[in-house]
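Order as written gives the chain letters A, B, C and D; numbering starts at 1 within each chain.
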Amino acid sequence: QGSKEAAAPAAGGKPTIRLLTDATGIDDKSFNAAAWRGIVAYYGDTVANPTNRGKLYDVVTAQTQDMYIPNLRQAADEGYDVIMVTGFTWADALGEVAPQYPDQKFVIVDVDWVGQPNVQEFIYSEEQGSYLVGLAAALQAKADGIADPKFGFIGGVPGATITKFEVGYVQGILSVFPNAKIYDYYANDWGKPELAKAQAKNWYDMGVYCIFSAAGGTGNGTIAQAKEYRMQGKDIWAIGVDSDQYEDGIYAGKDSAVLTSMIKRVESSSLKVLKEVEDGTFRGGVVQMGMADDGVGYSQSNPKLAASVVKQVEAAKADVISGKIKLYKTYKEALANGAVPAGLSALDD
Amino acid sequence: MKATKQASLQKKRLFQSDGAVSVLVVLLGFLCGTILVALVGKNPLNMYKAIFQSLTGYNIDNGKMNVRYIGETLNYSVPFILCGLSMGFANRVGLFNIGGEGQYIMGMTIAQVVALLGPQIPFLHWVLAIFCAILIGALWGGVVGILKAKYEVSEVVSTIMLNYIALYLSRIICLQLPGASTYKTANFPETALIGNTTFQRLTHNSLLNNGIFLMFIAVILFWFIMEKTNLGFGMRATGFNKEAARASGIPVVKSIAISMAISGAFAGLAGGIVALGSFKYGRVLSGMDNYGFDGIAVALVGNSTAGGTMLAGFLFGMLKNAQALMQGKQIPKEITFIIQGLIVIFIALRSALKIYQEYLDKRQLQKEVITK
Amino acid sequence: MSTIIGMLPSILMIVSPILITAIGGMICEKSGVVNIALEGLMAIGACTAAASHVIMESAGVPHSLSIFVALFSGALAGGLFSLIHAVAAINLNADQTISGTGINLLSAGVTIFASQILFSADRTREFRMGMQTDALGIYPTAYLAIAIVAISWFVLYKLPFGMHLRACGEHPSAAESVGINVKKIRYLAVFTSGCLAGLAGGCCVLTQTIQYTSNTINGRGFIALAAVSFGRWRPLGVMGAAFLFGTAQAFAIIANNIPALRVLPTEVFNILPYVVTLVALVLFSGKNYAPSAAGKAYEKGAS
Amino acid sequence: MQDYAIEMVGITKTFPGVIANDKVTLQVRDREIHALLGENGAGKSTLMSILFGAYSADYGTISLHGKQVEIKNPNVATELGIGMVHQHFKLVQNYTVTENIVLGMEPRKRGGVLDLGSAEKRVQQLSEKYGLSVDPKELIENITVGQQQRVEILKTLYRNAKIIIFDEPTAVLTPQEIDELMEILRRLQQEGKTIILITHKLKEIKDVADRCTVLRRGKYIGTVEVGDVSEQDLAEMMVGRSVKFEIDKPEKKAGKVVLSIEHVTVKDPSGFQKVKDLSLEVKEGQIVGIAGVDGNGQGELLSALTGLSPVSSGKIFLDGEDITDLSIRSRIEKGMGYIPEDRHKYGLIGEFSISENLALKNYYKTPYSNQYGLLNYHKMSETADRLVKEFDVRCGEGSQTPAGSLSGGNQQKVIIAREISLSPKILVIAQPTRGLDVGAIEYIRKRIIDERGKGRAVLLVSFELDEIMNLCDRIATISKGSIVAVNNQNEVTEREIGMMMAGSRKDGGKQ
């Protein structure tokens, strides 16, 4: 079982890696993009000019989910030093393939239940970063002198990972405005920006101050709406997700409608793994990437984010790291502890 | 009978033979794809290496053989072929079934339901699951047939709507299943799976499963129903000339409803096979797999016949399997979509060749007239 | 009710691209050619519009000019691709569903392939500012869509050209016998539908999101196709059909904010627009209003 | 050299597999009525389509008044003053009379907007000038065939045609309408028009034409002064052998009633009564003809009889059994045979072989299918081979020839073979010889008489009065959905039937 077709192509001592993604590919501005960024950076290339692509690293996108297992096996056959997959949808496929190739190193992001000795699993504390952006939004509202601000959250397809975003975000807001009205909406789709846009407009018209969307392509609708309204002079915001979406939000000069972004640095997984493989220290098991490890964070790119707000958020960040601020990973738990209001659409698994 | 007729026609006019045209069209599609790859500065040879490997398992670059690729190509072909049969069957009765996707989704969904909740009796369990998948596909297609036959609702429109309804309905249902999270259910019991250990051994652990037998049975059934039974006779008559069929006492309304149901059954079967063969758990869909839509192209390339559709399905399966191999060689996977699209567009050449043939006939006659 | 009115701008945003595409599809079918490639043509238009807008934006072209040129090039790209369909359906007498399906497949590859060449990514780069709304929060696309409905009605029913076009879809050999060039008119109609679908794709991407991705069109072309037959091949009917669908979709968005409705699975609201359309189709069924020669190849001189 | 209004010389036109015109010459004098005579498929329509610019000739020249012209399309023909009234009307069904007439040459208001108002006025003027009364605002689908023909004529007049081609204009008209048409032709001639009249009907040629050109199988046979020849001469030129006009019809005593239609009313989808309270009986060994102008409810009556559409009231009995609500298939099983008017649309499946078409009504029964529903193609072609021989169906590949590749006459033979081989109790026949050549017509009429001889009941609908008069024992005249009268064949004249067809006996002769 698990015979290798090719010897590991050793070039200059650098390990080889293949990234396997779901249908959205490496331009999703989310974990695929981040994982790719990390890989490219490791080899000293840039995304725009990936010189070593095809020699030391490459990427294969699976059009449908029934391609996951074959793509994993194919990558293993071709003899890469390490194979990386992103997202929980890969967990079962990897769980099946990894034991068949015990000498092959695998990495998966966003999953902690594969449990194979040759699989390193990265799990990010999205609730922590989300807490900070929620906090930042609330503080910014306060700084703007808004008495009774409302907030919105738009999710793609509900699920455990997205719930961490929502719960953390809500906790962050409530820590400033304990009675703030919070709306949430799941489009049940990662690719329908028009739904997010219509909902965002609807909410902004109802007086919502800031909307955080963790919804893939659907979330682009929120940003588009926020740009328009800010362009018209309305004081509203969108919050980006996964990577710093400040650039996406720019509508004029340096003005961006994205107040801040909840950053999830999946690139650190790529970098960490590749380094370990090179050093020969790669080990299976779960790696928790929290704020302390700089796995998650928030962006300060937007100059409109008030300095006072940044100061307070930085303080909160220290408290999160130290554990002084208790955050929850599931809606159930958060609800039980009275940290979030009832009636949200979040689902725990 | 039919075969002899076709053989004699073939002798007379090679290019009016649909088979020859299909081959020509496929070659043309690849030719354009090759040019495109070369234009963007990649080596087209790599594309063919990938295709060769997905077809034979042989890796030209390192001279290694891995039969698993053959297994995967066959396995990918199964849903293409079945969805192609779905489209093709409706097509033969004069209907345009855009709803393969919805029927496929419903088949998948119900197979998952039965796999998780059905009686865990070996053999019986998966048979029941597959049977239910076929049944729900038939229902999902049959509704379209009834709406068309009774209310003159265009099947194009109703199938489009039913595709989306199926997608979201599937989510609602699957989220209620045991152990359902937002993207998967609990694992299926062993009795529900259609894996085949012999295949796994033979094809070096590919996903190839018993579904391929079901596919072959479906292909034979398609041919058998269409060509050998009086049900098929009535359906073909309806497809060629609905009014004449009706005037001859053929129950056209029934033909349409039944054919849409059979059409749906093929797609439902595809859904069931993918659910139980390529996965060990139920999926909670967040988007479409697109096999149903691709089936339209498969049927068009296969000219809606059983054999042609099977071959066209293999072609599509092979291209799908080659996608990952191509990407490994830095050829964009989109090239396979472009090739597929071009192949379908070039099918229009079938009629162009007919026009050309008529032109030749005419020239011939004109010469006769002149020399006379 | 008042919320629905409050949603009007959003409804218009969702409806406009569907409506523009559907009017194009209607014109095409009125001339006797069925165009199921609307979906693919929208994608091509959306990709072209998004790409050209991004490129012009970064080159410093003034915003409104850039939007205008982007929409124009989207329309042109849609029109050019539709010519494939025209050749197959009009010159080669091919089955009209074949070339349509081919274009739909092709567009999935071509748009992404082009993005890779232009932006080295599976999607176009995001633009800074899409279209702007007016004081009422309504996009120009809405006025454009309604103007297109009105113009299509005027051209089809008030101008000699429209009479010729409809005759080509009802009885092409009658049209030919009075000296109307059926092939030319069908070409024009297919090209128009391609342009409108491309334009609609541009409207879609420039009003609803910030870049083109393989998901941007997401079935809207098929919805437009449905609207044509649901709207009984009449401009006003098509408009009604598109609005019914858009309103149902808007309702699904609002329903999320109504606590009483939140007990239902959210998917129920996603299904709603499709169920409404299907039910309406059954309720208003009965007669076939399609142009008699739609979908049939026409050979010159045939009786 | 005489100056002809039209001179077509050496015209050759081929279609894939057919030489439709083989070096044909046609010379038409100014202001004459020139008849073009020939069997079906002789190439008359093709020749005229070339003159009208719908087809272009492979070889040959066309001159108008001595000047050679190139007629590339109908527009050029129109500019040259050539108009054509087509065999199959070129009218858009859901357009109004006016819209159809002006289509392609519409009057416009400022800004290029359609000016239907002035178009209507112009149509009104024209129709008054030439005595062609039509309602300019009515939809084509709502007017009679005769009126549709007037619309076609008005179309040419509206375009100022000097030369008007009529392609088989009388096939669908009542005797009165034919008379009117002849009157119109003469009037047009007086107004200075040159007319080409295509027809099979020798009587009409003798009636109005000055000269006549005969074509046979695509070849030019000759041109004669009509005054110098007899009908018999013309017929022989056309067919290439001597023909006889009468059919032998032995006496036959009618038996018991087989088909009985009682107070049947049929409505169209909009609720209009197409057949009103109609009653009729057909007996064994009897041919009952329904005479009438197209569009007076014959189609609806046949649909109701055969089960294609439901009746709204009344009963239909076959051999004493109520079949009013039975399905089409049960009616066939009970002994209803049907030879439809439109053989392409209702009679045959073009893509199927002759053999499959012959089994179209009983393929699901033994011996073609077994009890498991499996087909026996062998049995089918066995029977088919026999029938093909018996009915003299001419086909390239025997019983496996696709039916669509047969000529019209042979297609009709296949249908008749199928219906007769099913031994029906009642044979319902519509327009059995429409568009067929003389040989085929003779054969088919003989077969119908033979069936009568075997004691079958036959109900025949035809718009051609001489067919009705020649074949039928009893003649029912239909007008506006009701039977005006039922007479024995020997008790009425064509003229009387013509009057009744126009509805004269009941409501005063308004057409």
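Everything that follows uses one rule, which is that contacts are C-beta pairs under 8 Å (C-beta built on N, C-alpha and C of every residue); 3 or more make two chains touch, one makes a residue touch a chain.
Owing to the predicted nature of the structure, the values given are computational and were not obtained by experimental measurement.
*Asks:* Using C-alpha centres only, name the chain that sits farthest from chain B.
*Replies:* The chain farthest from chain B, judged by C-alpha centres, is D.
*Asks:* Using mean CA coordinates as chain centres, what's the chain B-chain C distance in Å?
*Replies:* That gives a centre separation of 28 Å.
*Asks:* How far is the middle of chain C from the middle of chain D, if each middle is the mean of its Cα atoms, in Å?
*Replies:* 44
*Asks:* Measuring centre to centre with CA averages, how many angstrom lie between chain A and chain D?
*Replies:* Roughly 75 Å, centre to centre.
*Asks:* Whole-Å distance, chain A centre to chain B centre, using C-alpha means?
*Replies:* Using C-alpha averages as centres, the distance is 37 Å.
*Asks:* Hey, what residues on chain A touch two or more of the other chains?
*Replies:* Correct list: 158, 188-191.
*Asks:* Where in chain D do residues touch two or more of the other chains?
*Replies:* Residues of chain D touching two or more partner chains: there are none.
*Asks:* Among the residues of chain B, pick out those that touch two or more other chains and give their numbers.
*Replies:* Residue numbers touching two or more other chains: 168, 171.
*Asks:* Among all the chains shown, which pairs meet the touch rule set out at the top?
*Replies:* Between chains, contact exists in these pairs: A-B, A-C, B-C, B-D, C-D.
*Asks:* Which part of chain B faces chain A closely enough to touch in the complex?
*Replies:* For chain B paired with chain A, touching residues are 59, 62, 64, 66, 68-69, 72, 76, 168, 171, 181-184, 205-207, 274, 278-281, 283, 286-287, 289-291, 320-321, 323-325, 327-330, 333.
*Asks:* Can you list the residues on chain D that touch chain B in the complex?
*Replies:* 12, 14-19, 22-23, 58-59, 306, 308, 327-329, 331-333, 338, 340, 345-353, 355-356, 360-361, 363-364, 368-369, 373-375, 377-378, 380-381, 397, 400
*Asks:* Give the list of chain A residues in touch with chain C in this complex.
*Replies:* Of all residues in chain A, those touching chain C are 24-27, 47-48, 158, 183, 185-186, 188-195, 197-199, 201-202, 205, 217, 220-221, 223-224, 227-228, 231-232, 247-248, 250-252, 343, 345.
*Asks:* Tell me, which parts of chain B touch chain C in their complex?
*Replies:* 36, 40, 96, 98, 147, 151-154, 156-158, 160-162, 164-165, 168-169, 171-172, 175, 293-294, 296-297, 300, 332, 334-352, 355
*Asks:* Which bits of chain B are touching chain D when the two form their complex?
*Replies:* 1-2, 4-5, 8, 228-231, 233-234, 236-237, 240-241, 243-251, 357-359, 361-362, 365-366, 368-370
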